[in-house]
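Each of the next two complexes has chain A plus one more chain, namely chain B in the first and chain C in the second.
== the complex of A and B ==
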């Protein structure tokens, strides 16, 4: 298999297989959660659950709680650095937007490539720092399962290969681009079956927490 | 054409000055990234070269590669050098035809056994030998016969190098490249649709000067010409970096000469010398003319998912795949959810309430 055939496979059959597994897997996971059903709340409502739920989705993303922020400054900085970096890289790099546009039919403006490059570096450094902490902190290390290391690698590889592709590091660009797309396909396939699903379920549980608290009339 | 005349003499007889000849040698040396000290060596070797016998076989091709080399707008040095190599057999260009042509080929093969260069353009059909024949001989048979005693093979054009257009899906003739058939000879691929003329002569000049083939990349292309990426050498690259793109062929971006990535330019995965050497005596190249690179010097360039689709898009219909995924996923998810609900209601129905009485009975027993 030469680089052209490899690139052709990852852009065609590979991407389609990964996409189907990702969509079917995620829909099963989400529908199972939505269809669980809850017991009817017979208590008198003390507030609007829906607006409290929606508010909680957003408020939990802001560092409102200064105390816990101070106590785990490292996780806070590295965690935000990684997640913001990843978001910018996925959704604001022009070739990625072009792919989304071909899939959904609409797109949005991109950031200049060197800016995205900076966010890639932030995300990569943050991920490496988080791995280092996972390996050195006795409690975190004790709590880590093999899956934690697997999803770390699955997230790190697309960022690394993407960075290498843009900077033409060590291998011909065609191979790097192929490896980059293949690593994303690996991530997509792992997504529904690992803790990576939190990218979707996070918002459901935040909404649920907020709604429950809202209906009871307490702050969430 | 006198076969015994050295190349230098033949060129001078056609009005090429010594100065012009040395200029060509210097250009070739710099194009191939050879040190300037090599220029006299190239000049000397070419000057006295007794013109190796070259047999040019044309299989499933469009003659565009020969056209590119020989029909330049003005007679170029590349063209003249090409004319003056001892082209013993080229059925498009030679005067003889039929049996006489085949006799010339066989005579050249016999005379220069183990020393002649074989140039191939066009792919070879494996589906049915009758798809492409010359003088009743199938392409496969002729290639094997001529390759057997060749010193080296130069596969000119993407068809000969990687299968090219005939190899494109669904490949009705079962077309393959030269390197898929001949495994035991040194092969140089000079792909392009067509290749840049000076690249063809550059490889020939290298062979004449050093008696061996130039350094090759992983796709057997001469590194000197195919070592650089079109995207990296593109004069529109700064626009890519700034995020300025043409969205259509006649919008403001297109008029201002912004990057053509969104319009399907395959420059980032294409290795060729177009952006540096350019075409038509260095006039311009496709991107300079406002059209994205098709990636013609890469294998399977016809099947790279559409000339006008961006490189990051899927080569297949991803939207349809996604729609199928959504339908199947929704059905499977709903079924799984319903099964869970049934399990839950069954468990609820089977649930026996424990009363105080039950507990007391247990205590007694």
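== the complex of A and C ==
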């Protein structure tokens, strides 16, 4: 397989396979969650659970309070750095928007590529910092499983290969681009079957927690 | 209760895995932030005490039973089944080193309600036969005698008589159609008899009718703490039946955190029906009396005071402003503890921890969080509204040779009532 054939495959059949696995896998995961159901709350409510649940979906993106932020400062800084960086790279880089446009039929304005490049670097550095923490911090090391390292690598690779493609580092561009797309496909295939699902399910978690607390009159 | 076995434990655990739990386990990325919010971790530095780790057997069971990949892994023998030894080991983590205070649930960035799941994993671990001796004892006494500390009506009658002799106040038993059915915690009957007298004085001044049921005066619920819903239901039903028999408007939970949760929030769900009466914590009732102008106080406490928020009131009950409104009526020098209100740190003894003898060491270690908060504040008096917190605070302060009196808010208010 030469580089052109490789690129053709990852852009065509490869991407299709990955997308199908990703979408069906995620649908199964969401069904698995919702089908478990939950009991109706019969206690007299103190507050509106629905508005509280919706509120918590947003407020949990920020620290609970100043002291909690101080105590978990490293995770907050690196966590924000990585997630914001990743969001900008995925959704505000011109070639990505073009791909989305070709798939969905609509797009939006992109950020200048050098700006996205900066966010890529922020995301890469943050991810490395989080890996270092995973390997060294007593709590995080204790909690970590092989899957945590696998999903770290699966997230790191698309960012790294994307960065290398843009800067034409070390390898021919078409191979780099092919590797970049392949690494994204790897990520998509892993996604529904690992804790990468949190990108979707965290909204469900926040909703339930916010709602259950809100019914008791607690802003969670 | 049927015989405790691993199979039963696993079965009960499975029954307690619901949609929120599945969403929570799907969302956790092992970031470790819950550890920073847990006093059992911060005061010991032991990573095993990280809140989410306390759920590991339940997480694996969820994965093996309720996810596609987990089921495939189980089928081909790639997954590690939950074992008897493991549940025994986890008993220490979920009973000794967790007060279900819910701080972790407030900080989790993906929004997991970890303490909600702890409540549920306790159901499985107790069904497997690994609940701590101390809690089993308390629960057995609650079922058989009517109180986890073995208090009977005799003790309460004696106390009522003493109050009548010393103050002339009548403690009304089994009156129908009154405003309030007052419940007590054993702790109050044994250690803080001031509470009952305070209630009698306050309601007399406010002109409210009230009663105690001789059939159900105990508010605490060991079934909730040990995690046996059948027993929790039985204990709650005694209160519900008494309230309905006496046709009261409101059932008043005493100065106790989990008793409030047990009746106010878990009660209707355990019984499977809505209540015909209201359930309020005594602090809520007092604040309503204040609002109606029925709580007339005089004299001001000048000593420097702070309030320890019982976790079950703030994080699980939404009672945050009420104690402050009340304190401000009688205290000029009230200062807030750091992280007060919704994010307050637990005393270290809630959720049944205080009933477990083997947990004494870690319980007093966990108290170091409160100790450093209090050292920082330098107050003369510590006020709270939970007798379980109060016992732990008194013991912790004693052990650490700190001379700060701990006072219950209700009795402090009663001391300031305008004499008629």
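To be clear about the criterion, the second predicted complex is superposed on the first by the 219 of 220 C-alpha atoms of A that agree within 3 Å, B and C clash if a C-alpha of one lies under 4 Å from a C-alpha of the other, contacts with A are read in each partner's own complex, and residues count from 1 in each chain.
To be clear about the criterion, a contact is a pair of C-beta atoms (placed from the backbone, for glycine too) under 8 Å apart; a residue touches a chain by one contact, two chains touch by 3 or more.
Please read all numbers here as calculations on a predicted model, not as lab measurements.
Asks: I'd like to know which partner A:28 touches here: chain B for first, chain C for second, both or neither.
Replies: both
Asks: Which partner reaches more residues of chain A, chain B or chain C?
Replies: On the superposition, C touches more of the residues of chain A.
Asks: Please work out whether A:195 is in contact with chain B alone, chain C alone, both, or neither, and reply first, second, both or neither.
Replies: In the superposed model, A:195 contacts chain C only, not chain B.
Asks: Touch check for A:204: first (chain B), second (chain C), both, or neither?
Replies: Only chain C; A:204 stays clear of chain B.
Asks: Report for A:13: first if it touches chain B alone, second if chain C alone, otherwise both or neither.
Replies: first
Asks: For A:36, using the defined touch cut-off, is the partner it touches chain B, chain C, both, or neither? Pick first, second, both or neither.
Replies: Both partners, chain B and chain C.
Asks: Of the two partner chains, chain B (first) and chain C (second), which one does A:99 touch, if any: first, second, both, or neither?
Replies: first
Asks: Which residues of chain A are in contact with chain B in one complex and with chain C in the other?
Replies: On chain A, the overlap between the chain B and chain C contacts is residues 28-29, 32, 34-37.
Asks: Mind pulling up the chain A residues that touch chain B in the complex?
Replies: 2-5, 7-8, 11-13, 15-16, 19-20, 22-32, 34-37, 94-96, 98-99, 102-105, 110-114, 168, 172-174, 177
Asks: Taking the touch rule as given, give the residues of chain A at its contact with chain C in the complex, in rising order.
Replies: Result: residues 28-29, 32-39, 41-44, 46-47, 56-57, 60-61, 63-65, 67-68, 71-72, 75, 79, 137-145, 148, 193, 195, 197-198, 201-202, 204-210, 212-213, 216-220 of chain A touch chain C.
Asks: Which chain C residues qualify as touching chain A in the complex?
Replies: These residues of chain C touch chain A: 17-24, 26-33, 35-37, 41, 45, 47-48, 50, 52-53, 66-69, 105-113, 116, 264-269, 271-275, 278-279, 314-318, 338-339, 342-343.
Asks: List the residues on chain B that touch chain A in their complex, please.
Replies: 162, 217-219, 229, 231-232, 240-243, 245, 261-262, 268-269, 271, 298-301, 303-305, 309-316, 318-319, 321-322, 324-326, 328-330, 332-334, 336-338, 340-341, 344
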